[in-house]
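Chain IDs A, B, C, D, E and F follow the sequence of writing; residue 1 opens each chain.
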């Protein structure tokens, strides 16, 4: 018996689709869908590293995030037209980038920079977690491409990373919040984990009432289970299944 | 016998697909494809008009244009990160907006603003002409939605507008240039026409050698024929075929 | 026996000082010191609320954060001169603002906006947690001032909020990281709690290796203990002791 | 018999004045007047080329455009104060630059950059076409100066380029629209041609009704005749007559 | 006997020309020339006042300043293209505005704003002092225009203001420094005075060695004499002589 | 008998405190207080010089100025949030920088850049003059530090510079204006002098009525006396007294 308005069980994620080779030009290109949330993740390989890494014999992985103006229920002003990226955008792209770097041996990458762009085509909650999950596959594809081109001898991917949003809605811990749940949640927590179930990022925020230690543990358990499922989707996508 | 490297006849456009209802939130949402060029066009209806039109009893139609950073062969810097839209972007979005306004009776629209966002997912030449062609369908869909909602009594759409790029490549007038042709063209001309074959915009530019009156006429004839074909695609998409 | 280079026990915070009425003009003005980290927190009361809250019969609490150019070991470029606030600054000021709002009944505040500016005079790690801890006292002082002026009938402060950074350094969970520890930490976690020990924000980031569930629990326990101590400092400062 | 409110025949341009050596410092300095429209065009020669041309053994010609705040009927906000150049400004300066480059053999120029600034002192329609016409003379003067200084062996100027605006006003095709005509025109077309009558740019825009093929041809014929006259003014100015 | 490289006597200003009605659209339009320095000053009258003066029953006078990119010996980057006005520009336009306000009874002006734009067409030292001197005439012309239109009953101009730069060059106090003198000056001082010889602004800066009280007095005496002469030029220009 | 509302004699400055080593990281760090005006001045030594000085064998001294948002009676918007520094800020930091450079033999400094940041913690009039006075001590401390480190053989400090604001308030010439006096002053003049009493900057502005030669002399006399006193405070601070 489900107590969620959306009809899902508390620990049930939305249908997930990970489509590789979605566009032609990028070294890795993935369309990731968590229910109605759709994000295009493209990985670009470029020679060289940012100035602060010059001569350190290592590579770099970074990320950028954007939402198409009408990916949302009502139209958002285009950040390029406003002349700056907002605080939420910056927060999210820094989170995606840190998460991806945790999956890669930057020394083994060599002096290359990989930029993963995550652009939201349609939003229905969980855009940052879908972005991380899809971006990791685009990154994996780009690293395979580099290996095929002979740019790197071994694949520097150490693990896969995936992410899920969990929260407390109407007093109940639930996973993979869609937009209407996200708006109503007392607590919203984004969790990024490795394929081995270790934590890379935990970001919990009380939107209404503060949350207890027990609620934190309940949310973490849901996140762990959901991320295990997401990693399985990632593995199949990378394997070309 | 074709003399184009791409294998097409001089007057042959690329395969065209116009998919309506491509995303969920916008009042009109169209994915338009001219060969490998793919543009997402979403139309947003909002109450009210810009300040300079307040109290004049008319509506407004405007447009914005953007390219995803890796829609292109090599990655372009994100305009939101650069902090401003470039000259090319501004030129294109002004062109799209003027073209769309030529299709609408703004008096009959009433005090509403329709913004059409054209975001290039994948670029292979002709992004501005594909944008105009797709945006007109998204606009038509949004106007239908307004009529269904009872916001407007009659449909203010006066005609359909479509656009094509034509050019002189290796001395030959050809239509619907793809990226490699566009890069090599001596002359590049974008033409916007109504369904009746009248001209809204003609923008011809000599990239290499100046062009003659005869070449101009040859390009215009190709544009006319191609736009007739595009309007047929638009009609079928709007009819839901 | 301490295993920290700084000589502190794992669960020992730095000397804390909270000086109220530090400057003359602000409705609340606090200098907070966590060891060598010194932040000036000033609370400003203004009539009215942001546009999105107009007519909703509630107040607003927001925050801004900045670092003086030479508060750090080497000079940072002034954000006003760069022409924009960086991603880190935005992230921190959004965190401070959310934390403070969790302490206030915005309905009971009425249509006033309180802005708390947190400006770092000297940095040695933990500037965001010191900021939250000091800002809450400045906010409490400003609310007292409003009550004295008769602007509000009852004090809308629901609880106190304080914050601490905890982390894993050399495999050991420790509290209140100073700069050299922060730079070397495998994991860094900022925790914001109420006086009752409930969580408002938990932001854990693996800088090096991912962290385990057990490490998370160890860090949370340290945070809980330290925040209890900080709340005691806050209470004494607000009481004027 | 004239049918234009301004008293001119449909194919009659306004009085044209091209004053060379108008200011002291620039390598080429021209005041161009088309009736009441007055534009100061200064050409600056600098060593080196933009980054994207480094090492290609060629030069570059670029242009910038601006309007003094009170060059117009009512005062426009200064773009420097607004903090950015508008879309119209960018469109125009890109047009001027492309037009000038069509007149120069960039290989023969060598690794120099010539920047032509076109600043409108007084506007009465046709500022972009006056700018191109005057800028070409300033450019020619700067190239003469380079030759006199021994910086280039031969003059890389291949031809002269001039520009005129033509349009349909009250159903009649007319040339060199002044401000009141421009505001009332159904169609406005800017044409840039070489001294040999070949086309460099054709930019026609239906402001009201779309235009027919016959109207296009009528406008082109007017443009051709007017540009022949403008080139004669340019030749005399360059010859110092 | 002159000891100045330029051949002028220490107390001799350059030839001054003040041309009124220089452009057509502005309510006051003046070309002011101090030797080779040429500045176009246009005064614009607009209804209403800035927000901070709303409802105070007074008017406002403000000023903006700009240099054409090639008004100078080598080309300066266009401030509109850089995206901001530099510190020098802001300093100068604030100085011009303060000086003009000292000449007007703002209460008697009523709720109008007059903006005087000073745009340097050619620079050879003293652009700010020429700007003030010319702007005052443009302002006077605009006030006459307002009176003729019946917008104001009486002329709110209280006095004329004019400005001169004086300095110490090679140990000698001299007036109206041209560019080469300005570059070599030990001290540079800009003085703004009323027609009655009272001071509005005195801005002296030691570029090399600090200056003595005696040098200050010598410079002030020169300024006084030169401004008397400039006011005479202003009077003749306003009288239409 | 005092005629000033603040109770001070016309020639009496406020209590002055100069605290050295106020923060830990900067090479020179001074808190300067003129009554309730408090400014933190930190001097940063960096290797290298700005581009325009490269290879000229000299150093550079520059300054930046900022006000904390609630250093003032009512909160000012943060310049970093506005996205630019205002004209007043730029004017002040250029003034501080020029004043400091007058105290240093830049040739003897060698290719180092010293940046002095002046951040106002609390404002009550005279922030720019307090900044210059404190910044000179921070600069002196930084130069001592460089000498101790062996970066420079001899101390390039040629003299001390200090600054005071003087003005005409209610017809009386007074020194060191506090905020209420500054707001009411007819004339406000900032004077920067060397320890030897020579002038570096004199900036007098009539806020209300123009000022006479006699008033100028009276203000200069007060400035001279006050600066002598300030230099004595500087000497004691540098001597560590």
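The working rule: a contact is a pair of C-beta atoms (placed from the backbone, for glycine too) under 8 Å apart; a residue touches a chain by one contact, two chains touch by 3 or more.
None of these values were measured; they are calculated from a predicted model.
Greatest Cα centroid separation from chain F: this falls to B. When each chain is reduced to the average of its Cα atoms, C sits farthest from chain D.
Note on chain placement: the centre of chain A and the centre of chain D lie 51 Å apart, centres being C-alpha means.
Rounded to whole angstrom units, the spacing between the C-alpha centres of chain C and chain F is 33.
One simple way to say how far apart two chains are is to compare their mean CA positions; for chain C and chain D this gives 59 Å.
Annotation for chain A: residues touching 2 or more other chains are 83-84. The touching chains form a single ring; listed from chain D in the chain E direction they are D, E, F, C, A, B. Against chain C, in their complex, chain A makes its touches with residues 84, 86-88, 90-91, 93-94, 98, 102, 189, 193-194, 196, 198-206, 209-213, 216, 220.
Residues of chain D that touch chain E in their complex: 23-26, 29, 36, 38, 40, 42, 44, 46, 64, 66, 68-75, 78-85, 89, 115, 117, 119, 121-123.
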